[in-house]
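Each of the two complexes below includes subunit A, the first together with subunit B, the second together with subunit C.
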Partner chain A sequence: MKRKLGPASVFYVLLFLILLYAPIVMMVAYSFNNSELDMGWSGFTLRWYRELFAAEDAKKAVINSIIVSGCSTVLSVILGAFAAIGFHKFDFKGKDLLDSFFYIPTIVPAMLLGVSLLSLFDILHISLSKVTIIISHVTFCMPICFNNIRVALNGFDRSIEEAAQDLGCTQLQVITKVLLPNLVPAMLSGGLLAFTFSLEDVLTTFFVAGPKDTTLSMYIFGQMKAGMKPTINALSTLLIVVTVTLGIIMQILQNRSIAKSK
Partner chain B sequence: MDKEKGKTKRKKGVLGNAFLTIGPMALWTVLFFVFPFIYIILVSFCSRDQFGNIVYSFSLDAYKTLTKAVYLQVIGRTLKMAAIVTVLVTLIAYPYAYICSKASKKVQSLLIIGVMIPFWINSLLRIYAIMNFTSKNGLINNFLMGMGIIKEPIQILYTTGAVYFGLVYSLLPMMVMPLYSCLEKIDPAVLEAGRDLGCSSRQLFLKVIFPLSIPGIMGGLVLVFVPAMFNFYIADALGGGKTIIIGNLISSQFSTAKNWPLGAALSVVVMLISTVLIFVKNKIEKARTYS
Partner chain C sequence: MIRDNNMIELIGVTKQFGEMTAVNHIDLIVKEGEFMTFLGPSGCGKTTTLRMIAGFEEPSDGKLFIDHEDCDNVPANLRDVNTVFQNYALFPHLSIRDNIAFGLKLKKLSKEEIDKRVNKMIELIKLEEHINKKPSQLSGGQKQRVAIARSLVNEPKVLLLDEPLGALDLKLRKEMQIELKHLQKELGITFIYVTHDQEEALTISDRIAIMNKGNIEQLGTAEEIYDTPKTKFAANFIGETNLLTGYIVSQDSEKTVVNLHNQILTIYDADKKYKERERICVCVRPENMHFVDYLPDYSEEKYNTITCIYEEQIYIGNLRRHILHTPEGEPVKITRCARKGEVYNRGDYVKVCFSKKRCIMVKDEEV
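Showing the complex of A and B:
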């Protein structure tokens, strides 16, 4: 059934991909363009990168984002891994129900999560800060890590755990010496996924960020509303390089953790 | 949560540990997800005083306000926009997903990675790229002028058309992925059977392939329609603040306008729309797996 693609198909696929990539390629190209406003190509320059590195508010946004996404990722991986191990080791009534309950935060539109958390922080008199952003991000990143680690555990050979127990390992030792080392790839790939989700979030962060805690996405959003600037092209290019690299690492780790569990 | 506690008593030792491992995540989800959602539903039934403070007494004021023409218009416009975007995305994504599922394994994985990579990139950046793309000196205008279709650059950015373009562009992968994984699973034997029974290619598609791909379309529909209702930054950045959708309305109620009950009521309305969509999708998926 799998035949060679006809010329019409090839044409469609190429057109689709060109349209998908053209805006991104153009944005990257324009970050090296020596003209102030979008006036066409006028020579190669690194000026916008120099200006970007000199901008204090951009630097602050990067630092804020690293703190927020870093903390959210670490917390999400820890909480998610604990829960996934619990799901793997223990059986109880309502397990399936709890399982689907854990995924709901990822289905719910990010914006609704944002406004409802804003209301919660308001009624509890918690003032908005980096901490409130981290709390919000963990809420939707945790299920991602949980899912990744669960998938890895599902394929884990239980006889290895039994062997460890026969050799005198306590329950805790089985977890720390057998399960955890095998879960490292899944934890890393889940963590990377959580990190990218946290890094790119605007719809939730918009509501729960304090006035001084501008994350990178919020910074770009603010600049975008003011119009186009070549420095934002430069910042975007750098971010694309980072996220695509993270994406590739993630894919490799995921393949490895699937291969490991087989 | 409560169920779990009950079980702890019944099977002691083991479930004490289960609670220690699963408990933190369950507690977090209840505290920062369930509570706030219940609270936002409560707020939607409250009113506010002239200072914007919430008055905690039962009232349907917020919902009554929603029936005003201005708000109904925004809701109607948003639903129309989300529907059109979903149809466009489906029409563009379907051939791609179909061709993917027909290609050889190697080409398949290449084509899928091809759609996945832009998806990894921050959606905000993709929208910024669209700003560049649709601007006066952007690629679209240059292309159209080069082809001789237009003489002067036309205004695309900051129009409703640009918002549509941005939404379709950024939501395409969300439809390609579920459609592809659905089409790819179709058993070639079924297609051969159809051929043997004398189906033409067109009949084969309409009577066999398309019905089998409906769960994929439904999966994509939820992933496209729901974000299209909310994404206020696409409307803001590409529409230049002129295109107001539900997302903008909710965000302004919670920030500048300080009318939380109204924002909450709007949130409840879209939550209901999303839930109905997800419910219908699950129904169709179930019906398919049983048949």
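Showing the complex of A and C:
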């Protein structure tokens, strides 16, 4: 039974929503505010967006971010899918242990992950570049994809795989003709999640980025140190639009794959 | 090599899961074009046997031949056998048409050939208007038909069906039973069918294998098993039956004398040899049990007579079932045409009888 909310509850929910969304709404609003300072509304403008698009370093940061997040997402999805299918198909000693090892990078504080990766690269004499950022992002994005695909596989009826084999599929064909096509939604939603995580990461990236490899979130962070600039509001607004869009797409994909498996 | 028409041969096939024996040394021959049913209670090893034939499970011991070929180390995808799964197991990402064409595409047949066979199959299962839908858009009965079509289109030597109608309602189930039987006769494919519904087994099978605890208790046609069950389990599992426990007094070449709680009965069944004093059950079908008062040609010569205590009657359609029990408390059921007007009251002592030729004996054992 669903009951109607009383006035107290409505107030509580409103307060909650305001606390959650007021800062974001403020930021979006101020990105259109015709004033250098963060005080008071002095008219609508697209000036900050124009300034942003004219700034060379901002543009470079965006391109860097697209390269880094794109590559780490693709790598994470591929590696995660392989690992998840391997886990699904084979039983081996220490499977549970390995399973929990896969989750550790997602819960280790980002800074610690950054420090440890930095020392690893140092020991191996790998100079910092976009490649090191990508490797680092894969360490925490791959488990996300792995987990997403794993869940989808757990819900997948084993007798469907047996049916495929029964109709003439080899073990490999079972994977390519039946498992993978059914995992596409999980791979996409895992990939989108990984992409957002990669895009917004500052802490880990900060340690492992080469001097010329400023990513978007690092750029925003760096600009903030010099004081709050309206262009940052504009940039952040754009970033929000991107992540929210990705989030919505992901939700839709997930709902669809849930509806499908029913 | 001798060419007989044995399609499936199981020789001493055993399957163990760790300590537990799921299938215990089964010998079985299924003939070409035969409709064989495995019937038995839950957990008796029906699915496991089927999975060994399909190649999803390897026998722990014994030999398995499909069309005279030893199946040792032949993987499921190379066996000319297809399975219809209980939960359909259709491919969710493919349309109905592509589901049905799946096996043929793997065999790399020409496009025309595939289209021809798929269309014929779709026509046969009457799903023409659904071919472009996804499996999730079909009803249970439709999915079932697709699952059957997806297997049959490959024209396998043997089709294995694991409780394929389990999820359907009674009416659809009955319809599908008849459809399946027709399909099987039409295509001449050997069917091995698993069910735990005895009525279903009686309706559709050429022969039935009654399974219990990993063993085949009896193998035969529906009539054979109904009329001459070999074990107490088989007697109980197929149809309704009265089981009266007693022991053997003596046996000669044509008849057996039995002591049933100090009533001496003669039974013209001497097929099975028993030791003196061995405990047995006399097994009489409810329709072969009569009230002495209402049997015009009753004679002590022809009939065994026992005294029972009347309980109640139940109408079942055009039949009336009378429930009684022996003084020792064993239940006795008598089925009669509903129009006959027997009237007894609860607690009446009633003489009931059965023909000395219309009963058989089975060993009394725990089931």
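Assorted remarks:
Heads up, the rule we're going with is that the second predicted complex is superposed on the first by the 256 of 262 C-alpha atoms of A that agree within 3 Å, B and C clash if a C-alpha of one lies under 4 Å from a C-alpha of the other, contacts with A are read in each partner's own complex, and residues count from 1 in each chain.
The rule we apply is simple: a residue touches a chain if its C-beta (ideal position, glycine included) is under 8 Å from a C-beta of that chain, and two chains touch if they have at least 3 such contacts.
If you're wondering where the values come from, they're calculated on a predicted model, not measured in any experiment.
Applying the stated contact rule after C-alpha superposition, one finds that A:E200 touches subunit B and leaves subunit C untouched.
By the touch criterion defined above, A:V178 lies against subunit C but remains apart from subunit B after alignment on the C-alpha atoms of chain A.
Judged by the touch definition given at the top, the superposed model places A:Y30 against subunit B, while subunit C stays out of reach. By the document's definition of touching, neither partner reaches A:L14: not subunit B, not subunit C. If you count the residues of subunit A touched by subunit B and by subunit C, you find the higher number for B. Once the two complexes are overlaid on the shared chain, A:A164 sits against subunit C while remaining clear of subunit B. By the touch criterion stated above, subunit C contacts subunit A in their complex at residues 54-56, 75-77, 81-83, 85-87, 89-93, 102-103, 106-107, 136, 150-151, 154. On the side of subunit A, the complex with subunit C involves touching residues 157, 159-160, 162-170, 173, 178, 181-182, 259-262. If you check the complex, the residues on subunit A that touch subunit B are 1-5, 9, 12-13, 16-17, 19-24, 26-27, 30, 38-40, 79-80, 82-83, 85-87, 89-90, 92-94, 97-98, 101-102, 104-105, 107-113, 115-120, 123, 135-136, 138-139, 142, 146, 171, 196, 199-200, 202-203, 206-207, 217, 220-221, 224-225, 228, 232-233, 236, 239-240, 243-244, 246-247. Of all residues in subunit B, only 3-4, 7, 11, 14-15, 17-18, 20-22, 24-26, 28-29, 32-33, 35-37, 39-40, 43, 92, 95-96, 99, 102-105, 107, 111, 114-118, 120-133, 135-139, 142, 169, 172, 188, 191-192, 226-227, 229-233, 236-237, 247, 250-251, 254-255, 260, 263-264, 267, 270-271, 274, 278 touch subunit A in the complex they form.
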